[in-house]
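Each of the next two complexes has chain A plus one more chain, namely chain B in the first and chain C in the second.
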Partner chain A sequence: MTRYARDVAIIAFAQTDHQRRSDELSEVEMVMPVLHQVLRRTGLRTGDIGFTCSGSSDYLAGRAFSFTMALDGVGAWPPISESHVEMDGAWALYEAWVKILTGAADTALVYAYGKSSPGEVRDVLSRQLDPYYTAPLWPDSVALAALQAQALIDAGHTDERELAAIGARSRADAAANPYAQLAGAVPRGDMVVGPLHRGDCPPIGDGAAAVLLAAGDRARELCERPAWIRGMDHRIEAHGLGVRDLTDSPSTRLAAERAGAFERPVDTAELHAPFTSQEVVLRRSLDLDSRVRVNPSGGALSANPVMAAGLIRLGEAAALIHRGESDRALAHATSGPCLQQNLVAVLEGDSHG
Partner chain B sequence: MPQPLRAPLVVEFPFTRSLGPVQSAFLTGLRERTVLGVRTADGRILVPPVEYDPVTADELRELAEVAATGTVTTWAWNPAPRRGQPLATPFAWVLVRLDGADTALLHALDAPGPGAVRTGLRVTVRWAAERTGSITDIACFEPYEGESDPYEGEPDPYERERVPYEHEHEPRPRTAGGHDGRFDDPVTGIVAPARLDYDYSPGRAQSRYLHALAERRTVGERCPSCRKVYVPPRGACPTCGVATAEQIEVGPRGTVTTYCVVNIKAKNLDIAVPYVYAHIALDGADLALHARIGGIPYDQVRMGLRVEPVWTASSRYPDHYRPSGEPDADYEVYKELL
Partner chain C sequence: MAEEPVAVVGIGQTRHRAARRDVSLAGLVREAALRALADAELTWADIDAVVIGKAPDFFEGVMMPELYLADALGAVGKPMLRVHTAGSVGGSTALVAADLIAARVHTTVLTLAFEKQSESNAMWGLSLPVPFQQPLLAGAGGFFAPHIRAYMRRTGAPDTIGALVAYKDRRNALRNPYAHLHEHGITLAKVQESPMLWDPIRYSETCPSSDGACAMILADRAGAARAPRPAAWVHGGAMRSEPTLFAGKDFVSPRAGKDCAAAVYRQARITDPRREIDVVEMYVPFSWYEPMWLENLGFAAEGEGWKLTESGVTELDGDLPVNPSGGVLSANPIGASGMIRFAEAALQVRGQAGEHQIDGARRALGHAYGGGSQFFAMWLVGSEPPTT
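Now for the complex of A and B:
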């Protein structure tokens, strides 16, 4: 029983080894291998794909129209049905899912990439802020996250010790993730913008990810245990930081409600929390208790290719279901400062036997 | 293979933005050392003011003055200021709820160290010496030893508008000011400069191409599937979606497949107009590249014209292409490369 017109599943997921620099690779050279991997896993060819959608931002690497060049890696000529969002690839996945729900496609290829190494990602992200009152002050991404972290500490929702423990747990879990950039015992490091230390912040790096979606029987043909999208929704909050209660994420909660996340417990949650403090906000907003595995992949604290890290949360959650290691998982993606916009998806595998 | 190339790249835009009535009043107010908020239907005052209520989406137009003093609602210590930020020495980022306002404004707080900052700290605006109508007319905030928020702990803000002073029998003013947001000489726009610096690397295929060009050779790459040769190569065949790796030297001569006449001089470009910019299919290439055509009057350039590259002494790439003197190519030869 589904709330939507069609059953749609994530049937394949691939990601790059995320690295601090990738000077030897252009965007298309970075993306192409993961596109080929998801196609190979399902036996599909480019010509079989009904819709292609990507997420990226040219400001990261400073390369104008990099997303059109990345399309070369798909084999987009003669013209294919495709689209692009200047957002995290999780929103590209959302668009592709809607496209399939409308019946306009039965399969979709979704990919995302981020090459932060050529620029200063902390400054680049400040350019997405309100241009009248905020952007002229050049508040960087760590500064804004730190304001949220201090608000959480002041409200008694966390302390620096708990934040350090979230970082440590994430990097310890990432030791089992061969694609992670930062894994194992990582020192908390110096203060970057207080109260956040180096260890509370995501690594800066380059990477890409790809996902294949398919509907109904097509998904069952192509994947042994599809990760069915039982619900998905995304919501946004006011852009004014001083208007929001930074200790809460009502947009995440509403998206989760609309995605059906609270109807039955999930066993796993992949949360897109680039900063340790943001995991605290998300756990509270999603009512996740200690029975839920959070970010077994290590999360964005272990690899944060900007514009791909949210899509990777959906991919990691789906991969657990593909492997039979989860039956019902929540995947979350975020965009904007201090968890401004949030997407929540609920994925399920069919019962065994 | 040779080292991937790297080079500095600066992307810079001066965005010219117009202001609506609300933002115009707020930024003009800052120029005049007055802080204005906007009143919502339920009586809250939003600072900085927005044109639409973030909750109800109602259009907001009623401006109200608030104080230049306020209270820190959260903060973050910035030990290493970055380019463009309000202060060059370590400072605290703060969200400040100004006295009389119901929301907080982001800015910098000048403080000697993190030990001097806390949530709840009373602060006041330090105005910039020169003010133009910009958020940076507030140079920063600084700690303030004066009285606490006169509205602290009061009930619903809408109510307090209407509670008379017991001893004055007149509506209590929200703040000391009372400016209505109307100015004789309002600011109507801002120029917001944006600059980002990169250390750019073009990747494998384009590094190979650029290395060869530096040796005055034009090297394309062949698709292993459809066998087409792409110049310049970008690392993938857009038809087959596979990597190109086999390097093929093409040219140096080629054929003009199509062209345009440029009549408007580009900024910072030292080329006399009109001039011709053309698509050129180099011999052996399956994709046309583009370049300027020189050494021939602009109105004599034509499709099929045979051309060759002209290198200048210090350049890593051809300055332009000029006629090679060969007879024009037959249309049938290049029609697939238009």
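Now for the complex of A and C:
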């Protein structure tokens, strides 16, 4: 590869058993097992890691500087080179990838966590909106996604039957995913906010994930089949929903272009689409046809720990490559109302001769 | 392939005030960003990516406000990253932006940090109850005062040192038009007579609570060559973190701070910081942290930092000026305070610091810390490009 200064790969991934509530666990207690799992899988110790980066949100945790507690779980002694983004962990992975590209580190530990159970996540997410004009109206996250879904239906890009099928396929696939919160035959359920039914919405839950990155030969030493990051980019759109075409995701398309996603077809895509309608938007923006396997993990419709769900898409795509079940996969993460901000990574495994 | 050299080609700050009721959050960040663009003679279209930082979202009551600020910062269609590493965040944000250029992912990056503390009460914003912990603290002063007392006991420093730092920084701020506090009638006696808040920290020895933003335009070598004004070159940068509380933690001189400085000096090939660094902008939210950080950063031997302060070495006309801008003691928009330190260091080596310029400053250190003295971010900037 000549696109970037160094070859960097995801070499290990771990996630929690995502669940509706985890009252008995602090964030630190939730994060520690996944940190230990990725380290154990590679034989690395905390002291071997060149850079650590995490993603989380104070608003979910309900306290300022909530990430400082999670740092205790990392075991930051002797002191470590470390950073944190107030974003989904996918962007923490991005920051760590850039750090490795500079040559300042050869390995990086990335983790993310979120507990939605202590509050009303629909209301909490409304605090992301323009504080002067939109947030005072408390439009919740399902209502905003419903606006997007209705726009898609009105434009003739989908219908309620297709949306229901996306939900059913995701939960059926999730039956093979031991970490999923919602799997198997899940009824479509009542209408929540028209046109979205219960089954079109993600489960609310708590969870964490961790990923290890390594460069070049270090990755080959530590992982039998590293998931090489062939490209990664992220883009943001305007915040005001009224100035966006909600049926399209130009930021996803641009990020995918910059990541080289359109240079060759991918066999699999892990899309961070918490609502069934958002999968429709993303498929259109990414030109994914029926030959591409979408969300074999069940996606965010089967487990959606906010702040970690995007990182989990990258981890799930990488895990498929580790297991030899994919050769070239696209992973996507989103943030903000109605897919405002999007990240796309293209991962590849070395071909076996 | 070696890292791309990183240059600071534009700097902008708001006028920091207790309450900037004349601007929205978007208006505040644009004021700094537009000044940085004007300084670099660039437009929004020249910017490849935006890296923004601030301290807890509770201070303004907006969750992940970068989503809402994307339009105001010209980020639509571009990558936007949001960093949050507690009080060190302004420094960390600049370092994340610098990495994007060093890694050759982008060539021109806008980095910005802000806080609009008048939207809430920062002291209580920092005093949220933590499950399973005793509610012992009210604000940052309550946390740091015992560590200052430990420093005094350990070093035998006379109790007059703190007031000297505050008196110096508040006078320096009179030369900085962006500083929040301009106390024209300040005297040492007024500092010494101000009310005791958290023993030994008096009112005049604490940072104010400010609204403000700071922005920088970072560029690669080609961008620096096109820049209309001299660039500041990044010679070294590092972040280090350690846990909040653990047996054996040295709150007076945390190892993460020492390790961070050592990493920066190694990159910048500094072997004697006291002689080779011309000016320091360090994060001193409470007066006594100047002598404490002088030791932690290797400018003085352990127990000797207060002697530099006492003998006037850190004054504007001393041989190691510390915080010629007036420092955090004169303006503290928390999330921006670290970036202001980094930017002021860059202004010094660019020769653009105006009335608080240190003549002939060639190498300057910008320093930020946060959390329970556990997160550190620093950079060393120079007037000449790095040699490798």
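The rule we apply is simple: the second predicted complex is superposed on the first by the 351 of 353 C-alpha atoms of A that agree within 3 Å, B and C clash if a C-alpha of one lies under 4 Å from a C-alpha of the other, contacts with A are read in each partner's own complex, and residues count from 1 in each chain.
Everything that follows uses one rule, which is that contacts are C-beta pairs under 8 Å (C-beta built on N, C-alpha and C of every residue); 3 or more make two chains touch, one makes a residue touch a chain.
As the structure is a computational prediction, the values presented were derived from the model and not from experiment.
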So, A:Ser26: does it touch chain B (first), chain C (second), both, or neither? both
Output check: A:Glu82 vs chain B and chain C. Expected answer is one of first, second, both, neither. What do you get? second
For A:Thr46, decide between first (touching chain B), second (touching chain C), both and neither. first
Once chain A of both complexes is superposed, is A:Leu101 in touch with chain B (first), chain C (second), both, or neither? second
Just chain B (first), just chain C (second), both, or neither: which does A:Gln150 touch? first
Check the residue A:Gln37 against both partner chains and state whether it touches chain B (first), chain C (second), both, or neither. neither
Which partner does A:Pro139 reach: the first (chain B), the second (chain C), both, or neither? first
Applying the document's definition of touch, where does A:Val124 land relative to chain B and chain C: first, second, both, or neither? both
Check the residue A:His234 against both partner chains and state whether it touches chain B (first), chain C (second), both, or neither. second
Please identify the positions on chain A that touch both chain B and chain C, taking each partner from its own complex. 26, 59, 62-63, 69, 71-72, 75-78, 124, 127, 131-132, 135, 238, 240
Quick one: in the complex, what on chain A touches chain B? 23-29, 32, 35-36, 46, 59, 61-63, 69, 71-78, 118-120, 122-124, 127, 131-140, 143-144, 146-151, 154, 191, 193-196, 238, 240-243, 246
Which part of chain A faces chain C closely enough to touch in the complex? 4-5, 26, 52, 57-59, 62-65, 67-69, 71-72, 75-87, 91, 94-95, 98-99, 101-104, 124-125, 127-132, 135, 233-240, 250-251, 254, 335-337, 340-341
Sort out for me which residues of chain C touch chain A in the complex. 1-3, 24-25, 55-58, 60-65, 67-71, 75-86, 92, 96, 99-100, 102-105, 125-126, 128-131, 238-244, 246, 254-256, 259-260, 263, 371-372, 374-375
Contact set on chain B toward chain A in their complex: 4, 6, 9, 11, 15, 17, 19, 23, 26-27, 46-48, 50, 54-55, 73-79, 82-86, 93, 95, 97, 103-108, 114, 119, 134-136, 190, 192, 194, 196-207, 234-243
